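What follows is a pair of complexes built around chain A, which joins chain B in one and chain C in the other.
After this line comes the complex of A and B, so read on.
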């Protein structure tokens, strides 16, 4: 295997597969990057079994096709620090892979190598080929926005009951839905599908693949995100990037049940004004007792907080509200997370009363449900 | 001894009837007359936290799995419940009780003892005051009370139970033993299924029979508790009504049980764990607090003891907040090689203040 590659294109390609390089590999090969040099392009692949990424680079000149598995971390770091415009990658005799850029040369010890591209390494996890048309396509910008609107609400720890560390991807008729929840708050967003083969589908994805797509999807050419349902994996293709995420096989909570219908109280507020007041009030809360109380009266909302022994805050803003008043306590971080993910200037809060779940409408088809805090003692 | 010391005490035991359901009916009057339960979803691991008298007629009772309750009474109306609303209602009612006496000891969200000894009777007798209190609470809060009046806590508690629903029952001083005598032994606080089983084996069914049982034989069966139980069965109880020391929360709440024979099957152990957790959880809720950490303890057949604990991302208060973590800890502790002789649970990191309830039913 020998090829000449544009250094920046190589660096960018490696960044795209980097998230799939296992940092603490149980098998050494999971810490590697598989490089395939074809006649017209070079394909990079990595997989830690939760996520797999395939990325094709066309800015190459291949002298000798072949493949090699190269230590991933070292390869990423070295290419980042090379300076020349191009890099020559040359598989030398033995188990050495030479990277040459200008006068700088690094030899990396390969994990496996081969000449025959139809016979890639057995130990390296198979990264599926996306053949045939996708099962579902969604506008790329819509999909990236949906990920941003739900990913933050997923649980950071594994729950025994529900797969809340994952993001639910659901297709119902012509609508695609993503849902994220940690059991205390829930973000749910709908967008129309551009095309779909089946009418219904439901997968719970480990969020890592979505993080990867969110980070690099925007830079890829193309207006559509092609989605393939592959049993225990879901594959995404945009531009030269193909990312695969593992599907969780545990139950996902019935999210429809916890999204309240229209509440008795409806409050409209300017997103940024509310966020500012919440940030102000949250300075006088503690991690152990992160509480802000929203007191809503006609056309006015007061955001209050108190940190025992430090002081208290009260910040007011104008809102659009008609009613006999509403008072509810929330974790300010939960509210700020939602407002940050919002893509509209005016948000709406609906609540039956201060003890029942609050529904925030944070954009078109974007709902965020937050359970208010309760008080004991 | 002064004359006042010799005067009989006046103790109320006040119990709010089907409290959670009653509050739900205040919030939503369409529930009145229907078989209603408060609790988690039958699809999940929900249990009945409270049942209306209409639901109880179908055999539904609290702590029963919700799925079973729905099978017993298909037309059952389930409400998820709002502990905040119950807490507020409870506070308001107890505030009203304090107008009668400051010596109030809250024993749970819907039960309290009130010491009226030495209070002026110019406003009427203890019985009249109780009837008036019942009417006032009914009028102000649309909630029903049952009140037991006696010369001590024990008999007042049994009396309120006997007066339910919406009753007032006064046991006159000196009549305690006669009042208790015909009642089944299980009616006496402190006699659970285990002791009742042993008494039953001795053909002791009523409290009167317990009083007249041979103390020596009883001691052989029940050990050191025998004498105290006989005293209680006579209606003798000197425990004071103790208003709480504000701000003092227990450091931890625990409960454990030893099996008659060593067990190793996980399903059995999980069921025991659930029961223990329900008891500890109830005590936590009675303190009106929440807990951050759950611990599970196993003592193996060879007497080695192992404990694992987990601090939750969000403090919990309901059984469903703790059970998944507890089950996970249990699964990690059970090694399959040894059977288990004792299982225990502990809730710690107990605090009160703001806490984050869950969106999904347990």
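After this line comes the complex of A and C, so read on.
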């Protein structure tokens, strides 16, 4: 294997697969990057079994096809710090892979190599080929926004019963839905599918693959996100980037039942001013069990907080509300999370009463349900 | 084992003649049932009371105390195995009573059955002297006031001789020679003289702590080991027993709860050790080692002393004799209370109160000890990030020691002079409120927070600090009835056994006070409706397991007790862990919350939250100061 590659293109490609390099590999090969030199392109792959990434680079000149698995972290760091415009990658005899850039030369010890591209590596995990048409396509910008709107609400700890540390991806009636919840709040967003093969689909994805797509998907050419359902994996393709995420096989809560249909009280507020008032009030809450109380009266909302021994805050803003008043306590961080993910200037809060779930509408097809807090005694 | 050996002695034919004449027709091959010789009976009984010289010391000194002595001297030879001599200036024994004194179940301390209900004296069973007399060569020389001459009675391994006139001063002198000399099986179990001496000393110290107004002196092979004047107060007695350094830092305990009075002294957390050897509990002047009382001690200090450690403690419980049964165990170290809960609770609160008022500088670590928490073997590789520490501390290992749990225990075990406590820090007492923070914060290994404070530097354990912060905040919220609960979108269902479900439901009310609302969902599933809002990382299933463990271990406990257990569990569960990366804001927030705490020295499990190094400590580490 020998090829000449544009250094920046190489660096960027490695950045895209970096998240899939296992930092604490159980098998050494999981800490490696598989480089395949084809006649017209170089393909980089990494997999830690939770997430796999394949990235194709065209800015190359391949002298000799072949493949090699090279220590991933070292490769990423070295290419970052090389200075020349191009890098020559040359698989020498033995188990050395030479990286040459201008005057600088680094030899990396390979983990596995092969001359023949039809002979796939033995130890390196197989990354599926995305062949045939996708099962589902969604507008790329829609999809990235959907991830941003739900990822934050996922649980940070693993529950044995429900796969709430993951994000639910659902296809139903031409609509794609993403849901994230940690049992205390739930974010749910719908977008129309551009095309789909299957009528219905449901899988819970580890958030890591979505984080990777959110980070690098925007830079890729192409307006569509192609999604392939591959059994225990889901594959995403946009531009030259192919990302694969493991599917969690535990149940996911029935989100439909959690989202209230509507509420007796309906409050419309300006997103940015509500966020400002919430931030202000949250300065005077105890850090661990932060509570703000929203007091809504006709056309006015007051955000109140109190920190024993430090003081209290009361911030008011104008809202659209008609009714006999509403009062509910919330964790301000939960509300601010939602407002940050929102992509609209006017948000709506619907609530039956102060003890029932609050439904925020934070954009087109974007609902965020938060359970208000209660105090004992 | 011991019983078997003694019974073998018993069926040798020495006490047989009477019975053999009556039962002449019995077959020779039968092992006959015989009444034991009274001396053998006493020897067997002695097994319960007298195991080693220390028991003899204890029994004889207690007799002296019961006799109203104000000065008691104990002279030992060869750890007491050769000779134990106890002299007192008490009321003495009348010459005509001398033979009775060495008969079993003869006592001057009980008169009628009703007296047993309210035993006020230390001894009462009438066993001790007879038991000792049966296994040693015992001489009593006594001169009661009003009697002209002192009388002496000799008992040679159970054989009582006739009292003789002897020379003696007012009071009683008892000499026990050659303990167990004729009982090789017992003799074999005696340890080295130094070990036996340590046990004797421990008993005398205990008795000295409990009996103000009585002077004690201990001499071994002609060397004086202990001298306490009759007018020495409790502080002076603690100084004699625990060492003046520790005694000076001990805190007073003073509490009256209904019929129960408590007073004593408790040592600082750094004097804690893994065994309970320095826990001296006295009930009406009697040293007791009651498992339930020890548990109350552990509970009382749990927030100040690392888990599994015991404080240095001298605690005297005074309660009307009719409210306690001391006749449970031959050595009288176990007792039974009429109202156990009252005693338990009073001990617990007395310790908590005493420690809560304390202003010890447990944060300081003195330039003391041998290898310490900071020592890193200079030859081994240090992990990245700790390099700076290990290189500087390699030289300082002789100088520094934190009072962390292992350190405390090790030092206690290896401590000099047998006092077993850590050496006193030379730093002035300081509390967090008095410490001005100067510099920025550095997180080491995502676990320890290092910062400059006035007069030196401080190292905090982020988990321990957060745990303590959580505990104090939660407790305050609970006291105000204001625990914030986060209802779940969908009640979380956790499968439990039927019995477990019942156990949980019984505690439903107290759980809900702390923000955990549960409901039975079918016969073996519990539904959790709300969780405490501050436990954002909580997994309901784990919470249920925790609650079950708490309910299981405290089946009879009051709701308050359950709540306290929950507080500890939740404080720990809700805290950041060692190794969790905290961003600057979170760090600052945690430190600020930590600064407001009423108690910030130890985490809820008694491990230290912070360790303080003075400039002087650092100078010493770098040999800028010798």
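By our rule, the second predicted complex is superposed on the first by the 377 of 377 C-alpha atoms of A that agree within 3 Å, B and C clash if a C-alpha of one lies under 4 Å from a C-alpha of the other, contacts with A are read in each partner's own complex, and residues count from 1 in each chain.
Simple rule for what comes next: contacts are C-beta pairs under 8 Å (C-beta built on N, C-alpha and C of every residue); 3 or more make two chains touch, one makes a residue touch a chain.
Remember, predicted model here, so these are calculated numbers, not experimental data.
By the document's definition of touching, neither partner reaches A:24: not chain B, not chain C. Judged by the touch definition given at the top, the superposed model places A:373 against both chain B and chain C.
Residue contacts after overlaying the shared chain place A:186 against chain B and chain C alike.
When the two complexes are overlaid on their common chain A, residue A:157 makes contact with chain B and with chain C alike.
Within the superposed three-chain model, A:258 lies in touch with chain B and with chain C [touch as defined at top]. When the two structures are aligned on the shared chain, A:309 is found in touch with chain C, with no touch to chain B.
After overlaying the two complexes on the shared chain, residue contacts for A:331 are found with chain B and with chain C alike. Residue overlap on chain A between its contacts with chain B in one complex and with chain C in the other: 156-157, 159-161, 181, 183-186, 253-254, 258, 288-289, 291, 329, 331, 355, 357, 369, 371-377.
Chain contact summary for the complex, chain C toward chain A: residues 469-470, 473, 476-477, 480-490, 492-494, 512-515, 530, 532-534, 536-541, 574, 589-590, 593, 596. By the touch criterion stated above, chain A contacts chain B in their complex at residues 155-157, 159-162, 181-186, 253-254, 258, 288-291, 329, 331, 355-357, 369, 371-377. Chain B contributes residues 43-44, 82-85, 87, 249, 288-290, 313-314, 317, 324-325, 327-328, 351-360 to its touches with chain A in the complex. Chain contact summary for the complex, chain A toward chain C: residues 156-161, 181, 183-186, 253-254, 257-258, 286-289, 291, 308-309, 329, 331, 355, 357, 369, 371-377.
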